[in-house]
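What follows is a group of structures, each given as structure tokens.
Below are two complexes that have chain A in common, paired first with chain B and then with chain C.
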Partner chain A sequence: MIEQSKGRDSLKILAALRDYGIYFALVAVIIVFAAVSPEFRTRENALLVLLQVSVTGIVSIGMLFTILTAGIDLSVGSLLAVAGLFSAIFAQQDSPHFNLWLAISVPILTGLLGGLLNGSIIAGAGVNALIVTLGTLTAFRGFAVWYRVNPIYNLAPSYRLIGQSAIGPVPVPVLFLLATAIAASIVLNLTRFGRYVYAVGGNQEAARAAGINVRLVKLCVYLISGFSVGLGALVFTSRLGAAQAISGQGLELQAIAATVVGGASLFGGKGTVSKTLVGALIIGVLFNGLVMLNVSSPVQQMVIGAIIISAVYLDGILKQKG
Partner chain B sequence: MLDAPAVIRMTGIRKAFGATQAVNHVDLDIFAGEVHGLVGENGAGKSTLMRILAGFYPDYEGRIELADKEVRIIGVRQARQLGIALVHQELSLVPELSVAENIFLGREPAAGIPGFISRSKAAEQTRSLLREIGLEIEPWKKVSQLSMAFQQLVEIAKGVSIRPRVLILDEPSSSLTKTETRELFKVIHRLKQIGTAIIYISHKLDEILELAQRITVLRDGVKVGSDTRDKWDEQSLVRAMVGREFSSLFPHNHSPQPKNVALSVKNLSRPRTFRNISFELLQGEVLGIYGLVGAGRSELLESLFGLEPAACGEIRVFGERVKIRHPWSAKRLGIALVPEDRRRRGLVLMQSVGRNLSLPVLKYLSSLGFVKSRQENREVAEIISSFKIHAASPAAAAETLSGGNQQKVALGKWLLRPPRILLLDEPTRGIDVLAKAEIHAAIDRLAQEGLAIILVSSELPEILGMSDRILVMREGEIAGEFTREAASAEDLGQAAMAGAGQRLAGEAR
Partner chain C sequence: MKNSFRLNALSLLVMLAAISACKTSKAPGQAPKELEKESVIGVSYQNLAFPYVAALQKACQNQAQKLGVKLIETDACNDTNKELENVERMLGQKVDCLAFEAASLDASVASIEAANRAGIPVVQFNGKANGGDYVTFVGSNQIESGELLGSWLADFYKNSGKDKLRGIYLRGVPGQVTDIARNDGFKNKLKNNGLIEKVQLIEQYADYDRGKGQSVTESILSKDKNFDFIIANNDDMILGALQAVNQAGLTGKLALVGVDGLPETLEAIKSGQIAATVFQDPEAQGAGGIQACVDHLKGIKLEKQILIPFRLVSRENVDQFIEIAKRVYVK
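Up next, the complex of A and B:
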């Protein structure tokens, strides 16, 4: 009897670890850094981490949509650079082009156009998403450098407010991240479209045979990813107060890492917004904490690379046991 | 010849998959230098029996003797070492490799330097092997450049290259023309002369009767007849394959509504799949479509549902001329398909039973794009209880269900908002008897409610028991139409199978 109930308890623990392990991991990482680093456990630093995570987080949530359909969007970093430059053109203080509304809407439109390009080739022509977005990753970056080699500075204070102000203690970019996460959660959990996204990723053939317009769903997820990149570009550029063609390099890998650490499956059909957010936070906290401990940047990268792999490995083991 | 000891003696062989007894107490003796014909309906257990022999199912029950010595076959490699070669229905060649590379794949002749392959030895051995069975093919030719027939023959050469005592050929002629089949027969005769025992599985009874010295018939996993060639003819073979008591098991309380044509199809064609298909389907009618695997039945349903649109022809749904290019346009017209392969197309296995059930009808369960989850849960629960779907809960993943319950989900998901035309492709394949009966009852009930139903099935009793009218398809064409009253198992079997010979005769003319 006792043996049995013990077995049941350990099963319960295992199941809890499987479902909520990622949250425990975040808490554990925070506790460890807080214990060893007094600089880490300040309110200012907590807000700084959130600020640093906001752009990656927004882009990761867009990425999650494509990954849920067993696709991927590698072009997010390059597209962010293009959208950022376009935004900055209209945000320059002394420029005749200055127009705050265009500076806000143009990056979003650019993101949507990039997503439309990716999506129509992937869904329309049926080319593999990895290949298409690898191509646009290169092409968008090329375009950005060709368009403007030199950084664009002197962005208007009104524009910079978007990325640099705070409401109460909370920086505005963090609010953008929260809003994106809430909207994405609602779409994925409560709408018909959200169901279709999971169904297409779970079994594309079955989704098609259930009368779902699979191509349309795929087109939409790349549009969503593009939109989130546009929003990310706006937040990023206004926070930095400048735009440059080399912005966002490696962003795609951080975004993929966040979704995957958050338990999303690259084969599609599995993943949630909240866990993706936690995935992005874990990576952000690790970077920040290692900086606080004066760990050099190359070593940080090695540590974080190792942690990404172990997180996914552990996740796989727990899923098998459950 | 038959006095010699058997090369292989199988006694009391049994193998079950879950609740299904695929092979049940089968005895079979195979002699050197004979062609042994093995026939039976789809799912009769032929392939399973042969795969046991070839080492695919080490957990079989029964006794196998090889040249009077008992052996326990527990692996593919071991079977091959014992001299048993199985040539599959599906080709297993690597198209981008050469003939020689394919034949010696995994056991390439070594050159002087370890790890390197001797191309000259491989070519030489391939050439002599091919000569032996009377084939002239350049060893370095890429397999993808060969015709289907020669690919099939290379496949056989690959089987022969291990010098088998027993060579099993599973539907080797299914994709061959008449002349190509002749080539195959020549090779078989040669192999016979050098003392190889050959087991030949085929649906083409004329070929079996021409080649075999002895013929064994399986039905539902049981051996129902085994005799020398002269004791059999086409009729007796078909009777042995299908003969059994039926009809009483199948509920039939519906009746077609003569004036209400739900679906009318005229001259529908899809290249290399089916040609000139014309028929009408009434409301309240169950139209059975019988035929062999590959006759084009599933493909026809796929076209009617828009998964693979037809190239030309006319489709009318309740009198209105329509084009069906996508499943979603078919769905809008009130057409639903329960596909043959439920795991691949019928279900999202990783998702819950509830989500699977509501997936095709979410449009009706949502407003402004938001799913009305309370209504969804209620309707899903209703279907689960009325259809007796055994799941731990509606939230249980579909992959945790038994085959029969998965099939009920695959059908049930259309019934939250019943379609007008329901296409069923092998709806009871591989599921237990109880679930089968429940699905049959559901089909009858839906027809009573006025649905127009097409039932594609390879099981004659099911076709005969459930249908009001039966079409037989053969090689992409309609080969016969029978009313419920006039149809018999023999007629259907003959229309589906025997015609293969007639077609060949026609081509020769």
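Up next, the complex of A and C:
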């Protein structure tokens, strides 16, 4: 009897590790930095980390939707540059084009348009998402550079409030991130569409047999990814105070890393918003903490790479045992 | 002893002869021949997505128009395979001269060798590859830009009245040639001025990227706000750092210095937000590249290297640089 309950306990621990392992990992990383560096464990620095992951976090959540359907969106970084330039055009101080509402809405629209383009090709023609978004990654970047090589700067103070101000102690970009996360959680957990997203990723044929419009679901996840890129572009541009055609290079890899570290499966059907956020936070905390400790960037890259691999490795091991 | 003295004297003679040979070749004695037809110059740019290279392109176009030559322009997009394809295509189009901005130190040699085989003269500008035959290189010595950063810091130290200074040094991409040269020039200058012990530097790479310059500076300042200056190996990183400094409520408390002379930095120098930058001259490099092609086609002998000096820009002399920037940073 005792033996059996012991066995059951260790199974429970294993199950808990499998479900919450990523949270333990985040806590462990935080504890290590807090122990080594007193400046790390301040409220200001905690808020700074949240601020620094806000753009990646928002884009990662959009990326999660595409990954849940066994898709992917490699075009996010390039699309962010295009949306950022279009936002900045209307945000420039002393410009005849200045219009705060357009500066806020145009990047979102741009993101949606980019998502529509990706989604309609992937869903409509049934082409592999990796190939389609690899194409748009190149095309969007080309467009950004063709449209404007030199940075757009001197952005109006009212516009810069979006990325550079705080409500109470909390930076506004962090509120954008939280709002995105809550909205995405509601959509994924409490709506029929959310169940469809998981179903399409879990087994596309079964989903189709169950009467789900798979194409429509696929189109929608790329629209959602585009939307979050637009929102990310708005936050990014206003936080940096400038838009550049070369912005957002490599953002797709950061966003994919955040979702995968957060336990999402590239084969679809598995992953949650909260764990994706934790994935983004682990990478953000590592960057912040390692810079504070003045660790050089090649070493930072090795550490962050090792953490990503060990997270995925642990996930694989635990899945086998579970 | 005697022998080695003779050898030294001999080598001295040879050197003198070489120097005077250089001088005579530069002298305007020989009459340059007129070009019979409209010359076509093929231009290969490293990556036109960078504002600096786009400015270089504008300078090339302006100069070509001035001299009445035709340009065929290509963009390597930082890809040496694409660079080689572009060059081969231009060679097929029978350009008279190739103005070449190398995308890579070693991998770009293939493009130059392709032009050598086709018998087309090559003028390198801004970026230079490590091999192949070429007429001349028109560009800047990147060590010099680091040295100017060092001279700025030496002056800043003198005027600060402090015994010790603390600063942040934002580096570019680890292992990249320009970054290494700027770092060497900077550190050598500090050493020569006896400042190594007097200046404490926190050094971090920020990949020449504005967003990364911002977040790296944020994290450093989150630990410790007690700095006198920030120096960056390019303007984008210092512009990112400027945002971080303002966000941390340290506006005006730190002197910021970059390298490049982007219009945005020049305006920030004029308004006092940035202390200085090291100006790299796209107009002189681009125009010089095209001019060198035309001179060579006219039969004028050129030196192997035409150096375009870097210049330190501060609030006192910023206006003249804003004028240059207006002409070439247009798109």
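As a convention for this text, the second predicted complex is superposed on the first by the 322 of 322 C-alpha atoms of A that agree within 3 Å, B and C clash if a C-alpha of one lies under 4 Å from a C-alpha of the other, contacts with A are read in each partner's own complex, and residues count from 1 in each chain.
Convention: a residue touches a chain if its C-beta (ideal position, glycine included) is under 8 Å from a C-beta of that chain, and two chains touch if they have at least 3 such contacts.
Every value quoted in this text rests on a predicted model; they were computed, and no experiment measured them.
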Partner chain in contact with A:208 - chain B first, chain C second, else both or neither: first
Partner chain(s) touched by A:148 [first = chain B, second = chain C, both, neither]: second
If touched residues of chain A are counted for chain B and for chain C, the larger one: C
First, second, both or neither for A:247, with chain B first and chain C second: second
Partner chain(s) touched by A:296 [first = chain B, second = chain C, both, neither]: second
Chain B and chain C footprints on chain A, overlapping residues: none
For the chain B and chain A complex, residues of the former touching the latter: 305, 307, 326-328, 330-332, 337, 339, 344-351, 355, 358-360, 362-363, 366, 369-371, 373, 413
In the complex with chain A, residue positions of chain C that touch it: 48-51, 54, 174, 202-205, 207, 209-211, 214-216, 218-220, 222-224, 236, 239-240, 243, 247, 262-264, 329-331
Complex contacts: residues of chain A adjacent to chain C: 37, 39-40, 42, 44-45, 48, 51-52, 141, 145, 148-151, 153, 164, 236, 239-242, 244-247, 249, 287-288, 291-292, 294, 296-298
Residue ranges of chain A in contact with chain B within the complex: 190-193, 195-196, 198-199, 202-203, 205-213, 269-270
